[in-house]
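Next come two complexes, and both contain subunit A; in the first it sits with subunit B, in the second with subunit C.
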Partner chain A sequence: MLSRNRTEADAGMKMMIVDDSNIIRRKIERSTELDGVRIIGKASNGVEAVHLFEKTHPDLVTMDITMPEMDGIECVERLVDLKPDVLILVVSALSDKSTAIEALKKGANGFLCKPFTDKQLNQALAELIRGE
Partner chain B sequence: MDEAQLQVFIDGTIHYFTQASDEPADVGTPYLIGEEQTVADEYTGIIGISGKRRGTVYFTAGPGLLKVLLMSLGETDLSHEFLCDLVGEVANTISGNARRSFGSDFMISVPLVVKGQPERIHSPNNLRSFVVPINWRSHQAALVITIE
Partner chain C sequence: MGGREAGQYKGIIGAIGLFMVFVAGVFGLNFYMAERLTTDGGGVTLAGEQSMLAERLMKNLMMLEGRLVAGDPVEDAQLALRRAAGSFDSILSAMQGGGNATGPAGNSVFLKPISTFTGQGLLQDASRSWEIFKEALDPVLAFDGVVYAERSSEFYTPAGAEFTGLVESAVKVGSAQIEPIITAMRRLVRHLEAEAANRVAQLRLIQGGAVAVALALFVFIAVYFGRKISREERAASQARQETDNILKTVSEGLFLLDKNMNIGSTHSQAMERIFRKKSFADSKFERMLRDIVPEKTLKTALDFVGLLWTDRVNARLVKNLNPLSEVEVHFDDGSGGFETQYLQFDFNRVKQDGKLLHILVTVTDVTQRVLLARELEESQTQSKEQLDLLLSILHVEPSQLLAFLEDTDTSMKMVNTILKEPARDEAAFRSKLDGIFRQIHSMKGEAAALGLGTVEHNAHEFEELLNDMRGRDRLNGNDFLPLAVRLDHLFNHLDQVRDLVSRLAELRMAIQNTPVEAARPPHVAAVPDFRPAGDNPGQTANLGTAGEVAEAGRSVSMSLGTSQSMVSGGLVGALENLVERIAGETGKKVQLQCKGLGDSEIPSVYRKAVKEMAVQFVRNAVIHGIEEPAARQSSGKPDAGRLCIAFNPDPNGGHEMVIEDDGAGLDATEIRSKAVARGLIGQEEADAMDNGRAFSLIFRAGFSTVDEANKDAGRGVGLDLVRHRVRELGGRLRLSSAKGRRTEFRVTLPAADSQADVA
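Take a look at the complex of A and B:
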């Protein structure tokens, strides 16, 4: 995973969830069990995510790729433009290497393939926060 | 589509249910249906395939299976809206996972969800479809693959 330096700010991280499936948004919200991580908003497509991001300035984002309006790859690029040190975990069913590489090139920091378990989600988020 | 390519979807289906519920699905012997035939239960999530290959992949199931699967995911809302969301998400996940084998030019659409029995699901060039029967916790569903 690509990393960025995170220090004291990690104590209270704001997290945004982006996925066009309400079931997945709610699952990520329920499953996230990391100290100091607080869900501050959820969006169902890239356009909604950019608007919510501008209002709430999250530190951490989970990002789906296949979504209507604006896909996750474009959205990653937009969010990194707005806040270069945002941490983005792409959570997608698109499991080919080139999709992961493209997301990382645009500024994402990690990639988790759907379907995922609670343990896999928390491990991926923890690694992202630790900068692994 | 050859046997190895069909196996990609079978493996994807087994993987989905194992990850989502800790209980693998039992996948029956796939069979072909004619171009005028449709296998559909009450809820169907359809993914359009474009790029190098064209066609459709759809997952179809009844409310019984979808409600149990929602509960396995920890969901408490078992409403119609969530059943529609889930049937689309299953189709999306299995199709998206297939890109590991088919590559990034296996382009998938966002899911289209149909409630009730569609008369016909159109695919290019009137291709025949492979039906993969799925048995999971005494419920039946199917994955239907129609790809050039």
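Take a look at the complex of A and C:
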């Protein structure tokens, strides 16, 4: 993914996927079909995500909550510190609403409930980009 | 709202501004007229002075003549005359053409020309006479010689004589001309005074007009804007009335929240019905919720609403997180109890010009909807349960089913007896609990083996309750009360099964009595289904086997007596079913081999116990012993685990049951630590234990290596049940295991004839 897009013009939005599940990462990567959005990286925990973020400066991030090393809540806080206008979509199960709310308080912009359909994912991303 | 108000007042402000401009204009005009009036006053004064000046001029001239006659000095009289003449001349010409004039006292004044036609005419009259007079006067004024002679023979010098002549002639001319001059000047005064009076009248007219116009303007403004404002007021009040009507009629609770979570002053009337109170003003959202939802929900809800005030958060993308969508709330019902309702809160941002002003909260009472949905779900579950039950009954071999029902009846009676046993101390309570646990667990195992899912499920729920009790620090008699309720539930369910069985029997009989059915060879339906061990009865059971049900339904004991061959044949099938199901659920592969479990090979007194134990051992081996295919591969074993059950006579006339699997074996260390963790033994005791003793821990009630119980494992009952059965039968139980390779259980039972009819 990374090498395929590197030659393209640096226009549009750069997106990073953060999830400890390989299946979910792949699902998000395959399902995302928005004009102007390209996936520039994937991370499987918060620490990896912060490193990758510092290198690639994405505009858009999908963020899991429960992850080893550094969880999504702390990761959101770090990413917003690094780039205050980054758009973060929390992608998590509905079982614990208060945890997702915590991540939003730290600066995430929206929430998508697992499991999700391709359509739901793309709608959520489009809504996130459009803003309010 | 602010923008509209400014627009509304813009008109008034404009009108008042115009009014002020008008008033200022009138003032300006007034000022100009007053200025003019002052100037005119000056003209009147000067014109009056001019006539006096003319008189004085004449008087000075005549005084000069008197001096000449008397021979008195003439210089001062000539000077006075000169001054008066100069002043008169300059004022007259200034009045005509404007400019500076020299007053009689030698002072200089600026005069504007008199502009009226009449005034100019009068001035011209005066000027004409003055020109004539001046012509005669000028030589007098210009004389500069010696008037009187030094010698007394002559009175005047020649120049003096001439001067006297000039003066006499000037007096003559002056006497003729002074009258018209003074008349003109006096008329001028009167004319100017009339002019001034005119102006004053004009000014009064203008002032009066201005006042009238100002008043009219004021009335116009007052009426126009008064009507406009009252129209707007009326519209506003109508809008208010409409809003009130909406708020009174709408069935949802509506109110606004500000940033400090205060409830706004306006709310819909439905709020009073929904929240059962009258006043919400000056109230906090938190206080509204505190009494009706749990603390955790309250906190999450406040956090959630707080999020909506955060600019970063996209409101549409967090709707899912609303903890108050379909929230269960409890209201005090006034008689010490509470009433449960379901409310749905929706939150919407209210923005103006991009600025967030309020959160609009919509509260809907969804109790009916939720209850209906639950009812529907419950009835669906119930129908599904009944259908499942029916299907599962159809798939069980009739004799096995009847044997199971017989056994469960005994078990239920046993549980009832145990429940009624008197107990006082903790140990007695615990022993009662373990006794009930064994009965229910056995029933669950058999139900599972027969594929009676609903019975298994019910028994599992009973176990949940028992397990909950087991986890308590202390037990008392009251703790056992809920068990009676649960037992009743299980009784009812088993009655349902019996009911279904007898209905099927009736159906079978009815079918047999129809002509179509009668035409069939009778043995097709009536022949019992002899099934070789290993065949899967789950696939073949059908109404055809209901013949047994019909017969057996009438007499259970007869049925058991005549179709014993089915029980063991069925046992192998049941075990295979059980293995298949549990392996499927746990993702394992298991090959089951049975030996000696045929009908004739198990003495009847051992039949029930062997069946019970086999179920528990198989369940135990598949869940705990055999590993998942991946784990087996990495240990170099084939994917499918091997599980052998053999029941053989031993040389001493007794029997031996051997259960062996090639699974993970027992881990003494893990068993010790789990036993310590479950409080079965102390740490010191565990440390002192050899592996053999540690293995024996797995037969203790309450032991399990699984952390979370499900319906197949985790209660620590199965092997405890086996231990009890072996003890009841006077047998022995041995266990050997090699970690990572195998586990073997060996049950030795004494000769069957030594047994009383235990089973």
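We take it that the second predicted complex is superposed on the first by the 117 of 132 C-alpha atoms of A that agree within 3 Å, B and C clash if a C-alpha of one lies under 4 Å from a C-alpha of the other, contacts with A are read in each partner's own complex, and residues count from 1 in each chain.
Here is the rule we use: contacts are C-beta pairs under 8 Å (C-beta built on N, C-alpha and C of every residue); 3 or more make two chains touch, one makes a residue touch a chain.
Here the structure is a predicted model, which means the values were calculated and not measured.
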Subunit B versus subunit C as contact partner of A:Leu128, first or second or both or neither: second
First (subunit B), second (subunit C), both or neither touched by A:Arg26: first
Contacts of A:Cys113 with subunit B and subunit C, given as first, second, both or neither: both
Touching partner for A:Lys14 - first (subunit B), second (subunit C), both, neither: neither
Subunit B versus subunit C as contact partner of A:Leu89, first or second or both or neither: second
First, second, both or neither for A:Ser98, with subunit B first and subunit C second: both
Touching partner for A:Met67 - first (subunit B), second (subunit C), both, neither: first
Shared subunit A contacts, counted only where both subunit B and subunit C touch the same residue: 94, 98, 113
Interface residues, subunit C side, partner subunit A - complex: 296, 299-300, 303-304, 306-307, 310, 312-318, 320-321, 323, 349
Contacting residues of subunit B [partner subunit A, same complex]: 15-16, 19-20, 70, 73-75, 77, 81-82, 85-86, 88-89, 92-97, 99-100, 102-104, 106, 108-110
Subunit C partner contacts - residues on subunit A that touch it in the complex: 89, 94, 97-98, 100-102, 104-105, 107-113, 124, 127-128, 131-132
Of all residues in subunit A, those that touch subunit B in their complex: 20-24, 26-27, 30-31, 66-68, 92-96, 98-99, 113-117
